[in-house]
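Heads up, the thing below is written out as C-alpha cells.
Letters A, B, C and D mark the chains as written, and numbering starts fresh at 1 in each.
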Amino acid sequence: MSADSTILELFEQTRAQTLEIIESLSVEDLCVQPASFVSPIKWHIGHTTWIYEKTLQQVTSDPSFSEAYDLIFNSYYKGIGAHWAQAERGHLSRPTLNQVLDYKKYIDEKILTALEKSIVQKNDLRLAIEHEQQHQELIIMDLKYILSLGLGLVDELPQFKKFTLPTTVKTEDKHFSGGIHSFGHKGSSFCYDNELPYHDELLQDFTLQTELVTNGDYIEFLHSSAFDNSSAWLSDGYDWKNKNKISLPLYWIKEKDDYFTNFFGVKKPIDFNAPISHLSFYEADAYARFMGARLPTEFELELFFRESEQSPLWIWSSTSYHPYPGFKPFEGFAKEYNGKFMSGQMTLRGGCIATPKGHYRPSYRNFYRPTDRWQFSGIKLAKDKR
Amino acid sequence: MSADSTILELFEQTRAQTLEIIESLSVEDLCVQPASFVSPIKWHIGHTTWIYEKTLQQVTSDPSFSEAYDLIFNSYYKGIGAHWAQAERGHLSRPTLNQVLDYKKYIDEKILTALEKSIVQKNDLRLAIEHEQQHQELIIMDLKYILSLGLGLVDELPQFKKFTLPTTVKTEDKHFSGGIHSFGHKGSSFCYDNELPYHDELLQDFTLQTELVTNGDYIEFLHSSAFDNSSAWLSDGYDWKNKNKISLPLYWIKEKDDYFTNFFGVKKPIDFNAPISHLSFYEADAYARFMGARLPTEFELELFFRESEQSPLWIWSSTSYHPYPGFKPFEGFAKEYNGKFMSGQMTLRGGCIATPKGHYRPSYRNFYRPTDRWQFSGIKLAKDKR
Amino acid sequence: MSADSTILELFEQTRAQTLEIIESLSVEDLCVQPASFVSPIKWHIGHTTWIYEKTLQQVTSDPSFSEAYDLIFNSYYKGIGAHWAQAERGHLSRPTLNQVLDYKKYIDEKILTALEKSIVQKNDLRLAIEHEQQHQELIIMDLKYILSLGLGLVDELPQFKKFTLPTTVKTEDKHFSGGIHSFGHKGSSFCYDNELPYHDELLQDFTLQTELVTNGDYIEFLHSSAFDNSSAWLSDGYDWKNKNKISLPLYWIKEKDDYFTNFFGVKKPIDFNAPISHLSFYEADAYARFMGARLPTEFELELFFRESEQSPLWIWSSTSYHPYPGFKPFEGFAKEYNGKFMSGQMTLRGGCIATPKGHYRPSYRNFYRPTDRWQFSGIKLAKDKR
Amino acid sequence: MSADSTILELFEQTRAQTLEIIESLSVEDLCVQPASFVSPIKWHIGHTTWIYEKTLQQVTSDPSFSEAYDLIFNSYYKGIGAHWAQAERGHLSRPTLNQVLDYKKYIDEKILTALEKSIVQKNDLRLAIEHEQQHQELIIMDLKYILSLGLGLVDELPQFKKFTLPTTVKTEDKHFSGGIHSFGHKGSSFCYDNELPYHDELLQDFTLQTELVTNGDYIEFLHSSAFDNSSAWLSDGYDWKNKNKISLPLYWIKEKDDYFTNFFGVKKPIDFNAPISHLSFYEADAYARFMGARLPTEFELELFFRESEQSPLWIWSSTSYHPYPGFKPFEGFAKEYNGKFMSGQMTLRGGCIATPKGHYRPSYRNFYRPTDRWQFSGIKLAKDKR
C-alpha cells in the first residue's frame, strides 16, 4: 500500500467518523451554543472543512469558497484574517447544517482531486486530519454538555454508550526512579509542534497511583469539612468555587442522599467504582491536597503512560502549559496552532475515552484552563518517594 | 353566527397565522437566540401554546403536559412557578421544533374539545389569542434580527416583503386643541388591563407631524455635528450611545457614502423617503431636540390615531409607562400580564406593519426600554402651539 | 438693605455652612469614595467652588484657576469640557483637602470683589449658591454612608444629632378634591428650570396619609410572606431585590430579633414610631402595594405640601421625572443643569431634614434612580377616593 | 552582639524605615485606593502591625486589639477569620491614619516587652519583619501609582529620587553551561517557604543578556508593525492588549513624537538608555519574540544572579509560579503565606531598586499575574546556545 493510499484512507475514514458521531441527532442539537466554551456542532463541521480548504490553498491558488465562511469558520487564525467571536458562534442560524454539509462535500471532492493529482502536501493534509480528530473529541464533549440541558427530553442514543467510564480495579501504586529521562516525540511519525523537541528532564523518585481516583473516593472529600474549608484549595480555586457555587462535579445531580449523573441528557445513578470525571484543575488539586498527596507533573505522567495503555480520562498534571526548550511552531498558517496558547493553561496527559483511535501518543500534551470541566478529565495521585 | 363560533374562528385563524410566518424557514432560523432580547422562534411557539394550556387549567383540573415545559415555556409568571432564564432560552436544543409542534397540536385539540364542551372561559381564551398575536409581532421582530446575522447567506423570503415600509408623503402638520379629553378603552370589547380605566387627561394645544420622520430627514442629523455633541442627547442616552458605539440606526450599513439596510438578511439600498425605523427612544428623543421639537406624549398620540389609520411604525412617546389612575390588573395568572412591567419603560403608540390585523386599537399601549431598537419604532414630531 | 447686600449675606452664610457640616471630621472622612453614588467630600467643596468660578468666567475673562481642576471638578458639564469619571473621584489624593480649601478661599475672594464691583450677574450667583445648598444635603447623605462603614470606630458627632428623625404622630388622612389645579413655580423668586412653567394638571379626587409610614409599619411588611413574594413588587424591583440580596432598608442591622440602625457610624436602636427612611423607590412601591394603596403622584404631593410644612423626608412619588409642558433649560453652561437627567428617574417631593433652611419650596422637584437609597427618602400612602 | 539584640535592631530599623518612606506625604496620599491592585498606605501600616500582633498571639494569650481591626487588617488569612474585601480597602475612612499609628505604637511596645521577656519566637518575629519589608516595596509601588494620578499637583519628594533607574551600559552576553545545577535556598539563614527545598534542576546551555533591555530598545518594538500584529503575542496577551487598549508601558506619556514618564506624579523625559520598566509579562514576552529571543527561565536567572549583584528591576521569567518538588508551607497561620498563590502567576527574579536592603537573595522568588505592571519589572533576553 502506497503512502498516498494510506493518507487517502485516513482522510476518508476521518471524514466519515465525524458524521457517525452526529447520527440521529436533531438539527437543533447541532446548532445551539449553550456556553462560550462549547461550539455549535455544525460549526465544528464547517471549521474542520475550512482547515482542509486552507491547507489546499497553501499549495494551489484556489479562491475561497465564501468570504462569509472565511469569517465564520476561522477559529483564531489571525494571520489569515478576521474571525467571528467564539462566544457568538451560536448566534448564527446561517449557514444551515445542510449548507455546511454541502460545503464539506465540495471541499472533500477538491481534496480527493488534489490527492489524485498529488498536488497536496502530505504533511499539511495529515495535520488537517489530526485537527479533525481533535474536533471529534470536542464534538463529543460539546454534545455531552448540549444534551445535558435537555435532561428528560432526550432518548439515550446508542453511539454514546461507549463513553461510559469502566469500573476501576484498585491495584498497587507504581514506583519510578528519578534521574535524567528524555521526553517528547521521537522519530519521524506525526506529532504536534508542542511535543518537540525531544529533550531531557530531571525527575525525582516518585510514586503514582496505577488506577484513577473514583467517584466513591471523591465523595469522601465532598462529605468532609475540608471541601468548604479554604485550606485544601489554591486561592484562585477557592475564589472560583465560591463565585460559581461549586458543590458537585459537573453533570452530578444530588437528590437527598443519592447521587446521579447527567449522561448526554439521561439521568443515571453514579457508579462509585468508576473514575471521577469532569473536574476542573482546582478541584483535582484540592482533592490531592486533601489526600496528603499531589498531582503528578506532566513528565511523571509521560513516563507512566509509556508503559500503560491509553487512559479513559485526561489526567490533570501540576505543570503549566509552556513550550519545551527549543520549541518551534509549525510553518504556514498553522504557526498559530499551539504556541500562542502557552499561557494560563495546565497540561493534561493520557488520552480519554472520547479520543479517536490512533490519535493518541504518550507524548501527547493536552491543555485546558484550570477552571474547565467539560472535558473528560480525572485524577491520578502522585507522591514523593521517601 | 354565535359568539362561540366567532372565537373558534379567531382561535383557528391565529394558530394558523403563526405557522404561516415561519413557512420555509430553516430549523436553525427557528432555534437560535443571538441576543438576550430575542427569543428562539420555537420558544415563542411553545410559550404561546403553554399560555393556552394554563388558560385551560384555570377551569379544568388537567395535569401539565410536562414539568420540563412548565419550566421552559413559562416566560415570567412567577405565580405559576420557576421559569427558565430569558437570556438562556437559546441554550436549549430540546424540546426540538417537532416536539414543540406536537405539543401545540396536543393543546390545540384540548382547546377545541373544551370549546365544544363550553368549559373554557371565553375571556380567558380571548386573552390567550391576543397574547399569541402579540407574539406574532415579536416573531417577526426576532426573525428580522436573526436573519440579519446571516447577511448574504439568506434568500429573500416572500412572506417578509410586506414588511417593507411604504414611502412617506409629506403633508401639513395637524393642530389639536387642548382641554380635557378622555383616554383609554371604552366599551365591552376586548382590551388589555393597561388601557383601563377610561379616564380624563388635560392636554395643552399642540401640533403633530402628520407623516413619519424619514430616513432622509434622519440622515441630516447623522451628518450634522449635533450627532456627536452631548447637547442633543439625554444624559443616559449619550452614555448609551458612547458605550455601544452607536453611529447608525439598527440594520443600517454604511459603505463609503452609500447607505443600505439589512432587511431580513438581504442588503437593500435605503429609501430616503421611507420612514426611519429601528431607533431607540434615546435616538428619537435626540432627533426631536436637534429639530427644535419634542416627542409627543402618549395621549397626544392617542388623539391623533383616533382620526388616523394604523401606523406602519410604533411611535415613541415622551411618556413613561405607568398605570392609569385606578388601574386594576387582570385576574388569575394573567395578573402578571402588564402591571409589573410599569417601570423603566417608555410608551409607544400607533401600531406597526407587523402588528396582526384586528389586534390594534388607538388606545393600545406598547412599551419598550429606552435602549430597545429591534421593534418597528419611528418618530413623529410634536410642537407646542404658540 | 440693598439686593446686593442680601445676596452677599446669602453667599457668605452658605459658604460658611458648608464648613460647619464637616467640622471635626478627619481628613480621611473627607477624601474616600466608598461607592460610585457617593463623592468624596473634598470633591464637593472643590466642585461647588468651581461652579462659582464658572459663573464668574461667564461675565469676566478670567483664566481658569487650574486646567487640572477644570477636569477634576467638572461633574458633567460636557459643554465646558472633559470631566473626570464620577466613579473615580475617590482615586485622587490630589488636590489635598488643604489645596481645595485654598482654592475655595481664592475664588471666594474673587466673588466678593466681583460683587463689590457689581460685575457678577445676581441670577447666576444665586444659582451657584442654591447649587451649593444642594451639595450641602449631598454632603450629609454621603457622610452618613462614609461614616457607616466605620461602625464602631467613630464617635458620635454633635452636628449630626439634628438628623435624627422625629417620632411620628398618627392622625387622620387628608382628602383632596380633583379637578384642574396649577402646578410649578409662580412669581419671580428663585426656582430651578424644572419647576417651570407654572401650568395646569388634571387630578382625580384622592386621599393622602398625613404622617409618614413608620419603621414599625414597615416591619410588618418585612415580617410578612409578601416581602419575598414577587407579587408585591414591580418586575425590575424584584430583580433588583434578589440580585442585591435586599432584606432590610439601608443602614438597618438585625441582631436576632432586634433591629438597629447605623447612624453616621454609631449603632442605635430603631425607633418604631419614627418614619421609615433610606428606602429605594422599589421598596416604597412594594410596600404601598402590600398595603393595598399606592404611591402618590408628584402633583398630589405638591398639593399636600402647599398646606403643610417641609417634610423630614423626601417622599417617593409614582411619577417619572420628565419636563413640564413647555420646559426650557437655563441659559449658559447651566443649560445642562436639570433637563438632560429627565430619563430613568422618579420624582420625590417634600424636602428633608438635611435640606438647608430656605432652600425648599412646595414646587421643588427632587429626583433619584428607582434603586437609590442613600438619600433621606420615605413613604406617604395615597388612595383613590371611592 | 547577641542574637536577641540583632533581631531587636532589625525590628526597630524596619519599623522606622516604613515611616521614612511616607515622610511628608499628605494624609490623602496615604488613604486612597485608586485601583484594586493597590492598597491604601495606611492599610499597609495597619496590616504589617496586625501580622506582628498575630505572631505574638501565637505564643501568648493576648486578646485582639480590636475585632474591627481583625477584619480590616487581615489580608487573606482565612484560617484566622473573615477579611475585608481587598478591592474595598479604600472605602474605609476609619481607622484614620492617626488611629493606625497609635495601633502600631501599641503593638510595637508589646513586641519590645515580649523580646525583653524572651517570650516571642525569633523565627516568627523574623518572618513578620521580612513581611514588613515586602510591604515596604509594595508601599513604594503603590505610592508611585497613587501619586501618578496627581500629575502636575505634586511636588517632587526627595525620598523617591533614589528610585530613578540608572543608565544601562551595554556589554557582552553571558554564556552558561547546562547540566544539573542545584537551586533554592541553602543553609539555616532566613528564607521563604517557596525557596525550599534546595534541589536539582537540569538546564540546557544558554546565553543571557548581561544588562537590561532599555527604553530605547523597547521603542523599536513600539514603532514597528509587530506591536499591533498578533503574531508577536501570546493569545491571552493579545486579547489583554486590545481589551485594555495598551499602546505604551505603564506611566508613559506620549506628546507628539516625545516620550515622558510619570514619576511619582512628576513628568520627566524618558531616558532612552535606562532600563524599560513597568511592563506586564505579556509585553515582555512579546518583546522577546519580536527580538527572536525568549524570556529566561527562573532557574537560568537564579544562576545569573548568583554571580551578579541585585538588579534594579525584577526580571520576568518564562516560568509559572509553582512549588518546588517536596515543598512544605510554613507552620501556624503563615501556612497561607505563599503556597496557596501558586497558580495563575509568573515568577520574577533579581530584586529591584525598591527592595529594602538585606531583604534580597538570589534564590528569592517574586511572582505577579501576567497582566500586572505596577511593580518594578523589566526584561533580560535569553537565547539557546546553538
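The rule is simple: a residue touches a chain if its C-beta (ideal position, glycine included) is under 8 Å from a C-beta of that chain, and two chains touch if they have at least 3 such contacts.
Keep in mind it's a predicted model, so treat the numbers as computed, not measured.
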| remark: Contact steps required, at the very least, to link subunit B with subunit D come to 2
| query | Looking at C-alpha means, what's the farthest chain from subunit D? | reply | B
| message | Between subunit A and subunit C, what distance separates the C-alpha centroids? Give it in angstrom. | response | 57
| query | How many angstrom lie between the CA centroids of subunit B and subunit C, rounded to a whole number? | reply | 37
| request: Express in whole angstrom the distance between the two chain centres, defined as the mean CA positions of subunit A and subunit B. | output: 44
| query | In subunit C, what residues contact two or more other chains? | reply | none
| message | Going by the contact rule set out above, which residues of subunit A touch subunit B in the complex? | response | 26-35, 42, 68, 88, 90-99, 146-147, 149-154, 265
| field | Of subunit A, residues touching subunit D in the complex | value | 76, 78-79, 180, 199-202, 204, 230-231, 233-238, 282, 285, 318-320, 322, 325-326, 335-336, 340-344, 370, 384
